[in-house]
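Structures given as C-alpha cells follow.
One chain, subunit A, links the two complexes that follow: it is found with subunit B in the first and with subunit C in the second.
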Partner chain A sequence: MTSRLSALPVLFVRLQRPCPLVQNRGFKRWLRPTLQTLKKRKERMDPEPLPRRSSFTDWNYKSELFAFGKRLGEDLNLDVLRTAVTTREFVLNEIDQQKAVGIEIDIQMNDNSKMILEGSEIINNYSLNFLRSAFPKLPEEGVIAVQTYLTCEENLSTLAKNLGVADLMLTPEHPVEAVTLSNGFKALVAAISESSGIERANLFVRDFVMTQLVGKNINELWEVNDPLNLLSSILQRDGKQPFEPRIVAETGRNTILANYQVGLYVNKELIGLGCGESIKIATEVAARDALRELFDTTESMKPVNFDVESLPQTFANFSIQDWSSKNVEKLMKSSR
Partner chain B sequence: MSNSHLLLLSGFPRAPLQNGIGRYVPQLKRMTIKFCKSSGDSKGTREFIESKLVDFAKENPGTVVYVKPRRHRAPCVQAEYLNGEEHHISLHNMSLEETTKWINLLPMRSGRPTNLRLRKYWHTDSPSIQGVWSPFTNRDPALNLAQFPMEEFSKRKNLTKTATEIILERWQEQKEKDSTAPVQEKTTS
Partner chain C sequence: MRNIFERVKQWNTLTRIWHLYDAKWQDPFDSAKVIQKYLKGLHKPIYHPLADCGDHVVVINCKEIAMRGDEWRKRAYFHHTGYAGGGTYTLAWELHDKNPLMIMKKAVYRSMKGNLQRRYTMERLHLYAEENVPQDIIENISSVIPQLRDVPMRLDRMPEDQVKGYPKIWDLPKDYVVR
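Presenting the complex of A and B:
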C-alpha cells in the first residue's frame, strides 16, 4: 500500500522534469529496509558451506606436503605421506567421477586403509611400553585405561587437527570428521615408520601422543571401583595385618557441613589419610590415598620423564588380582 | 583497565599441544603476501619479496609462503596458524625495514587470538604445593585429646595490663622492698 502511494508522486515529478539525474544527498532511507530484506533472505536460505582451503587460489598441494614434513622435523617421503592422507572414499569417488565422464579408468592411487592398521599397532605398542616403564607400580588395568585415554579418537583427532593434517586430508567429506582425522594421524605414524624407520615413529609417538599426559592426573583417568576391598586384599597378599580406620579429626558433627578426617593404620603406622562429609566416605577416600601411595601415583609424584631415547620391551605390569608390593619390588629389581 | 576489556576473551598463556616438551613445532603453517606490482604503497613489500623472501622461506621450511599480486590494492600479509587462527597485518606504505620486522614477527607467534586478554603472564598446573587446604591442615595433634569446653581457650588473647593490675604489681614490689629493707639495716648496724 505504502509503496504504491510513494510511487505516484515520483511518476508525477518525472513527468514534470525531463532531466532528473541529480545526485541526492541526505539520509539514505532505503538503506535500512534493503539490508533487512537481504538479511532475511539469507536467513531463509541454507547456511553457506564452509569453503575448502584447497579450493583457494593460494594453494599448492606439493608445497603443503613438503612443509608439513619439515614442520614435524621429519624427513618424509612425499609419496608415502600423500598415501597416508588419502582415504578409501576419496579413491572410490575419483573412480566414479572418471567413469561418469567416460575416461578409461587409470588410477594409480593408494589409500591409507592399510597404513591405519600399521600406525595403530605402532602407537599401541609404544604407548604400552612407555607407560609400563614410566609407571612400573601401576596395575595393568590402570596402564590400559591411561593408554585408552591417550589413543582415543577424540585425542588423536585433536592432535591431527593441531598439526595441520585436516587441510591436507584427501577425503570427500568437508569439514573433515574426527574419525578420518584420527585415522589420518595413525597413517601418518606408519608413513614416518616407512620413510625413516620404526625408531623415528616411536619418537614421534612419544613427542606428540605421550606428552599429552602433562598436567593430567593419572588417578582421574583410572578409577578403582572398590578401594577398601582392593586395599585389604593387597595387604593380605603382602602378609600384613588388616588396616584399622580411625578418626583423626572432625568438625561440624550433626551439621550439613560436617567433615571427618579418617586415617588408615596398619600396625600403628599411618598408610592413608582422607577427608569426607561422612565417616564412610572419608574411609573410602583414605583407602584411595593408601592405594595411590602404593601405586606411586600421588599428587606430589615426580613429573613423567619424556626424555627417553629407546625403551626396553617390557612385560605386562601386575594385574589388580595379584598385585602386591613384594611382587612389584622383585620385578623392578630384576628389570634393572 | 577500561570497561571495553570486560567483553574481551580472557585466558592464560598456554602452549598448543604441549609444544616444546616433546619437540618444537613452528605454529605458522601458511603465509600469503598480497601486494600490487605498480602502486607506490606496495614499494616496501615488493622490495621485501625481491631481496628477503627467499631467505625467509629457507629459514622457515615449515611455512608455505604464497605471493599474490593484485592490482591497485593496499599490500597486506595474511598468516594462518595451526590452531586455525588467521592474522592479517597491513603493509600499506611501509618501508623495507618495517615490512621485514612485521613479517618476521609472524613465525614467532603461537596463533593465540590477538584480542585475548591475558589474566596472568604465567600459568601453572599445580598452584599449591601442600595440596588442598582443609580445616585439619597444620592442626596441633594435641587437640585430638582435648576436652571441650576448655578454660584456656575461653581466655582473651593479647591482653594488655589494666591500670588496677599495674598498681597492684607496684604495691607488691613496694611491699617486698619494705620487708627486705629492715633486715639489711639490722645486718649493717
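Presenting the complex of A and C:
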C-alpha cells in the first residue's frame, strides 16, 4: 500500500522556503487541492473492511448477551443463549487454535447444532398450526407454500439480523452468512423454549415469523397450476353442474389492446369474473377468481388475526385432490 | 409483477374503450366539448395529464349535424396557403358540401388546448359521414355516448297509416279551401 501511495504524482504540494512562524490570514488556497488529492487516494485504495463489533474496546460480550435477552422481553438463561449463538465451526476453530498453541484440549463449549433442529421443529409446528387455523379453507399445498415462504433462509436471516443476532453470533466467518443467521434464529427459538417453556417460544414465533404475513398477498405466495381443471373437478365433487364461461364485456376486439371480461356461471349464477387480453387468459383468470372465492383468499378478505394466545392442535387441511366445499365445512364444524 | 391478478387488473384499468357517438341533428361545438373528454380520458377516476388513458370515439352521421340560427351562412372557416394573397374564407355550408367531416373535426380540434398531445389525441377520433362504418371498427365498439338532444320524429318521414291513425282533436271546416 505504501509503495502505491508513494508512486502517485504529487502535483499540488510545493516546497516552500522556511519562514518564521507568523500568523498568515487570507484565502487557504492549499485546502481544496489537498482534500481532492486525499479523496482520490482514498478512492484508489480497496474499500475498508467492515469492522467486527466485537473488536471494539467497549465490547462486553456477557452484558451484551444479557441485554439482548432483556431487549426481546424474554427471561433467558444466559448459558443456553450463549450455546444458541455458538456455531459448530467456531468450536472446532477454538480447538484447532488451542492445539496449535499446545494446550491440552479441555474445551467445554457446546454448539448450537442440536438447538437448530429443536428450534426448526418448534417453528414448523407452530406455523403450520397457525396457518391451518387462519386459513381453514386453503388447501394443504397452499398452507405448505406459505409456510415455506415464511420460514425460508432469506426471511429468517433478515429477522435475525434486524433483531441484532449478527453481532452476537460466535462464528469464524465475517460478515455472518445468511445460513448461519437463520440457524441462529432457529436456535434462539429453542433457547426461549428451554428457558421459559414452549408456550413462550410459540408466542415469539407468532410475533416475529407469522407477522411477516401482514400486507402479503396469499395468492402471490401460492399459485394454482391448472385452475380450469381444478375448478371443474371441485364442482364435480360438490355435485354441481359444470361451469359455463361467458363474455361479460369486451372492447377493442380488432386491436392489439383488446380487453375481455369473462364470467363463469353455474346454474345462471356468477362464480368468478376475470379479464385479460384474450378470451383464453380471461377465462383462466375467472377460474382463479372463483377458486380464491372458494379458498377464502380474496382481495377483500379480513386481515389475519394475530391476537391468538394458544392454538388447538389442528389436522392437515384438505389437499387439492380431495378438496370440496362440503368436506371443508364438515371439517370446520368438527374443529369447533 | 408475478401475480396474474395484478397484471390483468392493470390491463383492465388502462384499457382503451371504444365509444360511439351519433352526431345526427347535434350541435358540433357542444358535441365536441363532450367528445374531447372521452378522447382525453377525463371521465376516468385514474385521469392524469401524463397518463395515456384516453379512449377512442367513433362519430357517425357527421353529415347531418345541426347549426344554430344563421350559422351555416355566417360562420366562415379561414385557410391560408402560405403564399402571398393565399388566404381564403369558406362559409360553413360550403365547407360542409366539400367535406362533411371537416366541421366536426375542426370543432373537436379547437375544443382542446393547443399542446403536443392534441394531435395524438385526435388520432383516436374516427369520423364517418353516414351510418355505414367498416365492420372491423364496429366490432371494437363497446359503449355509447348519449346524444345531447333527442332526435325528434319528422312528420314527413312518419309512416302514413300512423299519421292517419293519430286521434284528431280538431279538423278544418268542410267548406275550407286549402290553397
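A few comments on the model shown:
Everything below uses one rule, namely that the second predicted complex is superposed on the first by the 288 of 336 C-alpha atoms of A that agree within 3 Å, B and C clash if a C-alpha of one lies under 4 Å from a C-alpha of the other, contacts with A are read in each partner's own complex, and residues count from 1 in each chain.
Criterion: a residue touches a chain if its C-beta (ideal position, glycine included) is under 8 Å from a C-beta of that chain, and two chains touch if they have at least 3 such contacts.
Just so it is clear, the structure is predicted and the values come from calculations on it, not from any experiment.
In the superposition on chain A, A:70 contacts subunit B only, with no contact to subunit C. By the touch criterion defined above, A:277 reaches subunit C but does not reach subunit B. Contacts of A:163 after superposition: subunit B is touched, whereas subunit C is not reached. In the superposition on chain A, contact of A:288 is made with subunit C only, not with subunit B.
Legend: residue contacts after superposition of the two complexes on their common chain; A:89 is shown touching neither subunit B nor subunit C. In the superposition on chain A, A:248 makes contact with subunit B only, while subunit C stays out of contact range. Comparing subunit B with subunit C, the partner in contact with more residues of subunit A is B. Within the superposed three-chain model, A:219 lies in touch with subunit C and out of touch with subunit B [touch as defined at top]. In the superposition on chain A, A:238 contacts neither subunit B nor subunit C. Note: residues 249, 251, 259, 261, 275, 299 of subunit A belong to the subunit B contact set and to the subunit C contact set alike, using the contact criterion stated above. The touching residues of subunit A, when paired with subunit C in their complex, are 217, 219-220, 223, 249-255, 257, 259, 261, 274-277, 281-282, 284-285, 288-289, 299.
The touching residues of subunit B, when paired with subunit A in their complex, are 16-18, 21-23, 25-26, 29-30, 32, 61-64, 66, 68, 82-84, 125-126, 129, 131, 134-136, 139, 143-144. Taken in their complex, subunit C has these residues touching subunit A: 2-5, 8-9, 11-12, 15-18, 56, 136-137, 139-143. Of all residues in subunit A, those touching subunit B in their complex are 57-60, 63-64, 66-68, 70-73, 158-159, 161-164, 167, 206-208, 210-212, 214-215, 248-249, 251, 259, 261, 275, 299-300, 306.
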